[in-house]
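Below, subunit A partners subunit B and then partners subunit C, in two separate complexes.
On to the complex of A and B.
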């Protein structure tokens, strides 16, 4: 009941961040539709939804760690190295399926290493992942592949379907996004693992005292996030017919954080869920698409995104004040 | 007596729910005024309204004959009202002296001068704290002293204490009330919230009792007896029920059946040193010790929250099998649970509902991480335990942070009991808990022991230890120095062992 009230946004007492962002998204969408003649064309809406799906899926993966008071800045590096390596193995003659399996193993190993460092060396996740992102990419570039651009293997039919196909008129990319959202929602809501993440994010000390296996949970979180990133990499590969490893140098991971924070998943942990990610995704997606059509330069776009990010962080801090205990965790 | 501060019709509501209602209060110059009431009675809200933390929704504050309003705690401080909060607000990475003079540093500071000023002030209050020590290295009692020193070195007209003695040892309490007397002699008026009735009765001039946000009794302390106060607080007399003599006929001492835990030469740094003792099932083992005696740390090692020394750490045997827990989880799996003394720190999950809190306990006890959580099962569990422990909230989906101290404590206990423990360690189970809930928690402890569960009760309140325990262990300087049966234990004997 109360959840339904919240989705109505600004109505009544439930003046949640999520509701405000949803209303802002609507406002932005309407404004762009009026100002920009090309905005509401079906081609653009589909392109918008596609780019939104990729961002949204990454944000879903990110939310798994953020709810548990962590953060994962290695996602994009993991995605690039995993997928590019799998593509390279295929181009070198390995069957695509087998190559994907090895790529999956590789990203799981990355997630495992990050998780172990966070869980056992107890280094704050933001520093761990900030340091690990270039390490992961550095393992990829000279050792596993050397080229930047890699084309998708041609003879794999389902990859083409994933990128360009549609089921019942809805692009498959968006369906995959929906599926990932559903799965993560179910995990967070209804599994022991998901509930433990919330407990850990709310109060790690109490979670430890209650007897939750914190370290295994942390390690699994980062592995799952890495696997979600890998899946997103495949979607990128499919819908662009190729992948450029320079993606790792972009600010994509900050867009992902922007989505997570804007949607109302507090960085102090224990709050929010899949619905917040979706709302955040819609907002950032609309904003990015509008700015692209306006033909703003990349630097201008980055400026706007950064300002929005800063405002969102300020709002997050006001809504979810970080107490002494939280700030001692040192994460962000 | 000249009135310094007066409250007229003070009312404060949070979104339509009244925390306090129509309270009148007069505070004379140099008066010590105790505010009593169960948790949730509105004591803290009333005091915070006076100190500028909350603003009254109705009513007025009159100071020296002039109506005043305080926008913030610093505004109240400017007018001479200082408040010492229950949770300490000290900066751990700074020294004691720096904390005392925090916020009033000059442009350039000489540490030496600051330390000397702090030293002489602390000495004048008989507080044994080194002004150059980092606050993070201090124990709870010493932090409290620093907090008191910080609030009192201002020339305040009114000082408000929220449960000032909750974390102090008897000796430190003595010093604290000495300080109160000295402040009183200087003409400072004191308001203090307390749970310990004796303190109110011995050390205050006036008593005000609140219940459900309203004033139910007020008067000079000489007009009250202990029973009157309790009667006013809970609306029924339960003094005997509370700390009834253990040796009474109705509660025979439970004799031990099986030894389930034995500890040999347990050591951890300089806090726990060669401690040895045993725990038996079906009885309550009381553990008494002053602060710094290592009683909490000893039991936290047993339950895996702390680690003992790697070499020469001693031995813990559960059912005659040696165990070494590095985290609480395996201890919990073996049936040892620990109910924390600081529930906000590591007890409950504040953004979660009662139901989810209890469910986390249940989840932690299970093993399969992928298993599905049934919402209806969680609901049933929550209903069962809210009923069993009489957790009073509007509904099980209320957030824990919104409950009173007593109900929060019951949630933490329920969260541990769903794990079906064999050994429950209660660390100060009635700290910051209202009188009504104290009785219920005591009854629960007795019931658990009757059911054959081994119960360890850590408490620094002697009547509590004496009225509940079948066997009493006394800790001093990291060791168990004395073991006595409830039949032979007296307050004097226990205290003697704890101090000497």
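On to the complex of A and C.
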């Protein structure tokens, strides 16, 4: 099966969902370039990349758990609570580095709890993280901080560089995205831990019987995802010079999930990698950017986004049909 | 009997430990955890906030529950079939908008508006259903996308009609009553919702479409292979889900008469929470209306209670989240361990002190009289538990494969399948009109006419009020005989175990069996005698008012009077048999043939007086290593109706006829069946009347 898929991938991208989405992205890109005069300027392309790098990084973190047949809907809540708390500690007089360290500990603890619940209490991850998101935000909002908006500490130079600086003409935000992508790619492809995630996503029972430490892997997955989310929070803080805790109320996490799935990482696990996330990110980024330039209302943007996503899902199903004999039980 | 023995005997006689496992194995105990959570929630929030149980509090709660409960049932439908619908919040908003626009803006009559709204709900559901059911898209993602889609449409339409909705006034009394009037202290909406809920409960638990939904969710591939139209079923669950959401939206619109930008926002999360909290499994196969309602009430009471206590939004969400995770954790444990709990507590051995064997008599001395038995149909039949011989001398036997075999007289070389019944066939006898009445394991009492037509006589008897498990279905009919007036008396060996688990019933040796009477004159079936220890063979006595029956694990023969002055009396005729009696049948000299399927052993006899030992054995030792009765060696004995043993016939080597479970005498020969044999035996009886046949003797010569 995997051998067959490899040859399939080698022939070209056209027969996988990834390929379809990539072609759609190209088509959109060309269409926008022709219709919109401002679209193909290097400034706009870089702005596009910057705006989607946050979505992309979150999607990278999400892909770690999705490949292992999990899902993490707590990412945005974790990000908000961790970063806002660190900023508040700094504003209360703690050095920023130390505050960041404590924030990191906090988000690791959140990841640990989620992982423990999924791994040991055996509650389905979708439900665990659905329930944990308000729990995490509820711990944050009245107990760790009370305000909505928090400004970034002014005297931290590297934070400004991260948000607005550029290296060799490429914005640092995009570089961080690339770095995260590279690290996660290396982890997934070349470490025992990464291969274990694939094995687990493919068939958890078989992985367990083979002797893989399933539960520790699950727990570390969620801790890693929480840390990636924390890093994204830092980037948001840097590029907006502040952070608003109401971010946790948005549907950002669903956009992240859609990026992951559109790129071709199935929710049933065991498939896909960093390349899929990048393709998904580019697609959503191109679409958003074009619609912003077209000055469509948010509602209309949502409608178009959803229709395009539905078309992508349908195309995937037509190309890779599933039937009663092959579909997995409990695969929703 | 020592004092401790007496204590043990009394303890096992009067403490009903078998009920623990029986209660656990009831389907409704599946709701134990959610139900406990519901009671706890009611207790805690009722204490904190006494206003909840006031007339107004109940009225308010009932109104909310009718909408929320309908939504929960809608999602449950989809989730039982193995899907999920995240778009219900958007569909809800769209439907509420539709009904209000139809009534307030366009002034349509109420029935038209309601139908239109249901159609909108069904259409939205059909989009999901076609995409997920027929095009096989993934439910979670698809409905996540349609959630955004329907919401966008709602937000585009809403500003255009918002003012007209507020200004318009529908002139429908029914509509006003629906929203604001009450009946017996509860809003009308509550009664509507209750009727819908009951209908769905019946559909899901007691109808073919409902079972199809559960089958698809429980094992999609098996459902497909079993011939269920999986795609249609999945598609329809979404359509009905959409219609239910529309119904909830109508009730909501009637109550609030307006919609806003936040209508239905985030609703899918709270409904999903309620459904999962009630114990419906994500991924399909398990769920019910009751679960949905329990979950809805818990979620509503908690959110309302926290709101009234002035807890700020984020903290109340935190508390809800923690409680949810705890409840689901408990439920996951419960689902995982319930079957283990049932397995370890269902077998509940009882105390039984078997009477010592009679050692003064030499009648049981082993011999080789049975060695020269002829075989009929060697290799043609598997497991003939019982045999029968008709007036013409043809031999019939049952089989493990659910067929009735026939060998034609006089040489029994010609073999045919007389009839196919479909279940393991046990006891069989001819009635007055030469119909072959048969006990079929797992199916009940059947009859095969001489024209080979298979007729079901009965498979159900009256349910006893004190039994926890439903004992109305006949699952282990074992042997039968027919009284002169035509009534069929048959034994059901055990109501707690099916055919395959008969050895476990032996370990238990509780009075699990019963004798049932089927009356062909009015077609009624009635249990006449309960709590017998594996009642097996039955034979009616010529007096027309009593019968003999064997209690296998009690090693005794009893007599029961079903008519006459002694009606209802049971008397032990012969106790302390050296083996386990199976069937009993008439002999030509007025006595009775009893087959002993296996012989007793001292270890098992001792174990029978140590119920706690046997219980420990069933819990700690694999079933293959339990101590079981020996059913390899048996013999045939002849007894009088008063219980005197006249002779015994053995085959020590078991060469020609390995085991005996039944025998019927006909024209000087004994025809022998054995439940693990591959043949029927025929043995010449020394000195027997060569013209005697059971049907002629019992029913008289055929005119």
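Heads up, the rule we're going with is that the second predicted complex is superposed on the first by the 288 of 332 C-alpha atoms of A that agree within 3 Å, B and C clash if a C-alpha of one lies under 4 Å from a C-alpha of the other, contacts with A are read in each partner's own complex, and residues count from 1 in each chain.
What we mean here is this: contacts are C-beta pairs under 8 Å (C-beta built on N, C-alpha and C of every residue); 3 or more make two chains touch, one makes a residue touch a chain.
Note that the coordinates shown come from a computational prediction; the quantities given were computed from them, not determined experimentally.
Chemist: Regarding the shared-chain residue A:128, is it in contact with subunit B (first), subunit C (second), both, or neither?
Modeler: After superposition on chain A, A:128 lies in contact with subunit C alone.
Chemist: Counting touched residues of subunit A, say whether subunit B or subunit C comes out ahead.
Modeler: Looking at subunit B versus subunit C, the one contacting more residues of subunit A is C.
Chemist: Would you check which partner chain A:220 touches, where first means subunit B only, second means subunit C only, and both and neither mean what they say?
Modeler: It touches subunit B, and subunit C stays clear.
Chemist: Contacts for A:206 in the overlay, against subunit B (first) and subunit C (second): which applies, first, second, both or neither?
Modeler: After superposing on A, A:206 lies in contact with subunit B but is clear of subunit C.
Chemist: First (subunit B), second (subunit C), both or neither: which does A:157 touch?
Modeler: neither
Chemist: Go through the superposed model and pick first if A:195 touches only subunit B, second if only subunit C, both, or neither.
Modeler: After superposing on A, A:195 lies in contact with subunit B but is clear of subunit C.
Chemist: Please work out whether A:305 is in contact with subunit B alone, subunit C alone, both, or neither, and reply first, second, both or neither.
Modeler: Touch partner of A:305: subunit C, not subunit B.
Chemist: Which positions of subunit A sit in both the subunit B and the subunit C interface?
Modeler: Correct list for subunit A: 325.
Chemist: Can you list the subunit A residues touching subunit C in their complex?
Modeler: For this pair, the touching residues of subunit A are 117, 121-124, 126-128, 130-135, 137-142, 254, 257-258, 261, 267, 299-300, 302-303, 305-307, 309-310, 313-314, 317-318, 321-325, 327, 329-332.
Chemist: Applying the document's contact rule, which stretches of subunit A touch subunit B when the two form their complex?
Modeler: Touching subunit B from subunit A are residues 189-196, 198-199, 202-203, 205-217, 220, 270-271, 325.
Chemist: Subunit A touches which residues of subunit C in the complex?
Modeler: Answer in residue numbers: 82-84, 131, 135-142, 144-146, 148-149, 151-153, 155-156, 219-221, 223-225, 230, 269, 272-273, 276, 282-284, 312, 314-322, 324-325, 328-329, 332, 336.
Chemist: Show me the residue ranges of subunit B that touch subunit A in the complex, using the header's touch definition.
Modeler: Its residues touching subunit A are 305, 327-329, 331-333, 337-338, 340, 345-352, 356, 359-361, 363-366, 368-373, 375, 415-416, 419.
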